[in-house]
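Below are the structure tokens for one structure; questions will follow.
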Amino acid sequence: MAIFSAEHRRLMQMLHPSHHQEYSELLTSLGAFMEKEILPLSPKLDAGTASIKGPRAALFAQGMGQIPFPTEYGGLGLPFSVYAISVELLGTADASIALSVEIHNAVAEGLVNFGSESQKESYVEKIITGRKLASFALTEPASGSDAGTMATTAEKKAGEFVINGSKMFITNAGEADVYLVFARTKKGPSAFILEAPNRGLRFGAELQKLGMRGSKTHEVIFSDCRVPEENLVGEEGKGADYAKEILHGARIVVAALNVGISQLAYGKAVAYAKQRRAFGKSISEFQLIKEKIADMKTEISAGRLLYLYASKVKELGGDFSSEASQAKVFATEMSLRVSDEAIQIHGGYGYTTDDLHRHWRDARLLTIGEGTSEVLRMLIARRELSREL
Amino acid sequence: MRIAVCVKHAVDETELKIDSGGKPLLSGATSRMSTFDKNAVEEGLRLKAAHQGEVVIFTVGPSDSKKTMKEALAMGADKGVLVTADTTSIDTMRTASLLAAAIKKAGPFDVVLCSEGSSDTYSGQVPPMLGEMLGAAFTGYARKLEVNGQTARVERSLEDSLEVVEAPLPVVASVVSEINEPRYPTLIQIMQAGKKPLEELNGDQLQPAGAYRQASVVSMSAQQSARKHVMIEGSPDEAAAKLVEALIREGVLSK
Amino acid sequence: MSGAVWSYSENESVSNEVASAAADVAKGASAEPVVLEIGAVRAGVRAPGAKLLLKGPATSDVPPEVAAEAIAKASKQLQPAAILIGATRYGREIASRLAVKLTVGCLSEVSKLSADGNALAGERNAFAGKVVAKVSCALPAIATVKVGYYAAVESAGTAVTESDVGQVNPLVKVVSREKKAAGAVDLRSAKVIVSAGRGVKKKEDLPMLEELAREMHGALGCSRPLSSDLGWLPEEHHIGLTGVTVKPDLYLALGISGQLQHTAGMKDSKVVAAVNTDKDAPIFQASDYGIVGDLYQIVPAIRKALASRR
């Protein structure tokens, strides 16, 4: 089955009645590319025997980074939901590349929304076409979603900002050409564009992760790291708001990514259930297995609808923070359940085969990264409790 | 260098449904670029990259064939010429004569490329017919194609041998799928393909049907399979033993 | 129908097959089957009936462009009712060129040929074997005849008449021709074919299947991905629409999903057995015997079962 499936096609038709054919054509082609060029590499990326660089560059060359961005900055000007589906497909093809690309694109989204005209001109096209790899540096060893408490500082000195401190769990660190760094000035948390290499920029050892092993994660350390004054993004002191905004969009995409992971784990489980025999028949004929398959499928569909609904709300220009958080909480927790059941259906093979338990390991990250489930539930509740009935 | 590539908008055989009376449901079946034609388009683009010039896509088919042409344009071809005709009722020679007329009209071309056969009928007749009709050299089943000056050098893949031939331009060649790996169009190329020039010619006006009597399809029915469909159960050893026993019983396996 | 039914193939054994097809067609319509030879009479062409030698080309090894021109010249002179050409890669070119030169309709890839007074009729596969089409063309007509369908009938000593068609100067010059390298498999004559598909995980596992093929006195074939995409086996092993068409007594498909592109090349096998991990793989629809299982377990088990019978 093609990774861009008939189901996706029908959803595109629902969301975009007058342009769905064009969008489906684009996603069909992109899906076919991923299936041929990315999917087969995925076990090797997990095992560390292949590099993320080649396949990621090939994806950028196809236009994967350009989808939702305005045409004046080299984007394709396509709806956010088309981008979200493309990340779902990539999540199926390889979750760690999807993670790397999604964070990279989030930086471009931030610059498009909050950057100055000259910043947009200098960076956006280069980032979305993959000529410059971007990284998002917000989280710190002792501060996460509570961005207001960040300890990294930026001090204005003679036309420059001097950054000191460190950022933790940073995806694409070490490889990236551009970092969107959040640091506290006198006016509060602010966002800066930092180009690598920089004399004051260092990286900790590569972090050994449970999953998402194709992508690189490091601590990023700033010691008297100087950036020109004009690299301040937007207004000084508004960095925490910008980070929040950027992460709302990214959460939709992370939900899509986890639906993609679930889809592959589910596909493998179904294929195995049909093939594996016990007590003289295919285990797919046992009711308890059927129940698992029915539940997995239903949950995946629900996750997909949630992220597409949030995408549509974003496209329409409304406040989508609650919808994005709902999609992320549900889809990331769902993908843990689905990839866990996929292991269960595979029995001992599931527990002992990298290519089966990697889906669970990959899925495990994203109930934590880009806003933990706990923080997002608070956000949803706060948003819903303040809504007028 | 001017390069013509002929492609077909063919029914996707994997999606073709059969009705309860055993007839294929051709109307309403999904069509797409014939599987092997992408290799012909790719080879055209490679020639263009090496020699400059342009790649023009030719198709004979219903108006829906524009989808296939758009795909070829997205891959990088420069323009398309669609000759409209009801491909369900014309034979290979009529198809070739319409292609030849359109190619002459838009010509001259140095190289005309086709795939070895279409995925729906796989006759392999249109390419050599085109060669004859255009009065050009023809070489089929190319797995390597180079042009030096006014000469094409082609490695032909035959059933049990490899043949190297040389032919003067213009040359018509059919290619086998080993010749290259077709590229994937980028998203922007797909979006811009719709803006490339696509000319539509009416087949009957372009070239009235000749006096000869066309080969025709009298009827079509689903392939009948008389297979036994016996599924053998048991552990690997049991299943294998039962299979070997059955094959010996069938008399198809000597002991 | 009056006149003759001509048959030709550049390949000796296919030539004998096509002669059988021509005999079938001629029988129904009280016409005479005639086997064409070009340049020289070949010893391996032993079909019964008259032979017509087209003289002019110096040897019997003529490229398709020359063969088409020679047959067209003779045809204009002698006006046969039908010309049947073996559907090889050369043959398709010869027939297609002839059709244009003579402005005559041309059927392709046909079997079950017959003729009445007005038309040549036959059957062919379409849509990668999913559909059988009955096709027809008014006489005079040309057809390419499906290879491997007709049985050759041999006889010795037939009358040869000659016709001079003169020299032909082809546009395409043959620089070299060499036999394709590698195992030199002849899948078309193999009684047993063990065929490998994507279920084989790596090239290094193929010897296990080669061993099995040897133990079954058969040859190793494969589906397209293994030869064309992965390059694990030479093209000659590729069974399918664009590869070789086979009809062995036993076709054992191992780890082949059974896409139409593949089954088009093996569906006339006498008995088909398949091993695949997916119980819904389409190959089981094309099989007499199926085992749902991993070829890595089943193949050793089959080899054990075979050994225990020896």
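Every chain is named by a letter (A, B and C) in the order it is written, and numbering of its residues begins at 1.
Methods note: a contact is a pair of C-beta atoms (placed from the backbone, for glycine too) under 8 Å apart; a residue touches a chain by one contact, two chains touch by 3 or more.
Just so we're clear, the structure is a prediction, and the values are computed from it rather than from any experiment.
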Q. Given the touch definition stated above, what is the smallest step count connecting chain A to chain B?
A. 1
**Q.** Identifier of the chain whose CA centre is least distant from the whole-structure CA centre
**A.** B
Q) Which chain's C-alpha centroid is most distant from that of chain C? A) A
Q: Look at the interfaces A-C and B-C and say which one is made up of more C-beta pairs in contact.
A: B-C
Q | Centre-to-centre distance between chain B and chain A (centres being mean Cα positions), rounded to whole Å | A | 40
Q) If you average the CA atoms of chain A and of chain C, how many Å lie between those two points? A) 53
Q) Whole-Å distance, chain B centre to chain C centre, using C-alpha means? A) 20
**Q.** Numbers and ranges of chain C residues touching at least 2 other chains
**A.** 279, 292-293
Q) Which parts of chain A, given as residue numbers and ranges, touch two or more other chains? A) 277
Q.
Could you pull out the residues of chain B that touch at least 2 other chains?
A. none
Q: Spell out the residues on chain A that touch chain B in their complex, using ranges where they run on.
A: 22, 25-26, 29-30, 32-33, 36-37, 61-64, 66-67, 76, 277, 280
**Q.** Touching residues on chain C, where the partner in the complex is chain A
**A.** 277-280, 292-293
Q. Considering the complex alone, what residue numbers of chain B touch chain A?
A. 74, 184-188, 190-191, 233
Q: Provide the residue numbers of chain B that touch chain C in the complex, in ascending order.
A: 11, 13-14, 16, 18, 24, 35-36, 91-93, 96, 116-117, 119-129, 131-133, 136-141, 153, 156-168, 176-178, 210-225, 227-232, 236-237, 239-241, 243-244, 246-248, 250-255
Q.
Per the contact definition, I'd like the list of chain A residues that touch chain C in the complex.
A. 271, 274-275, 277, 282
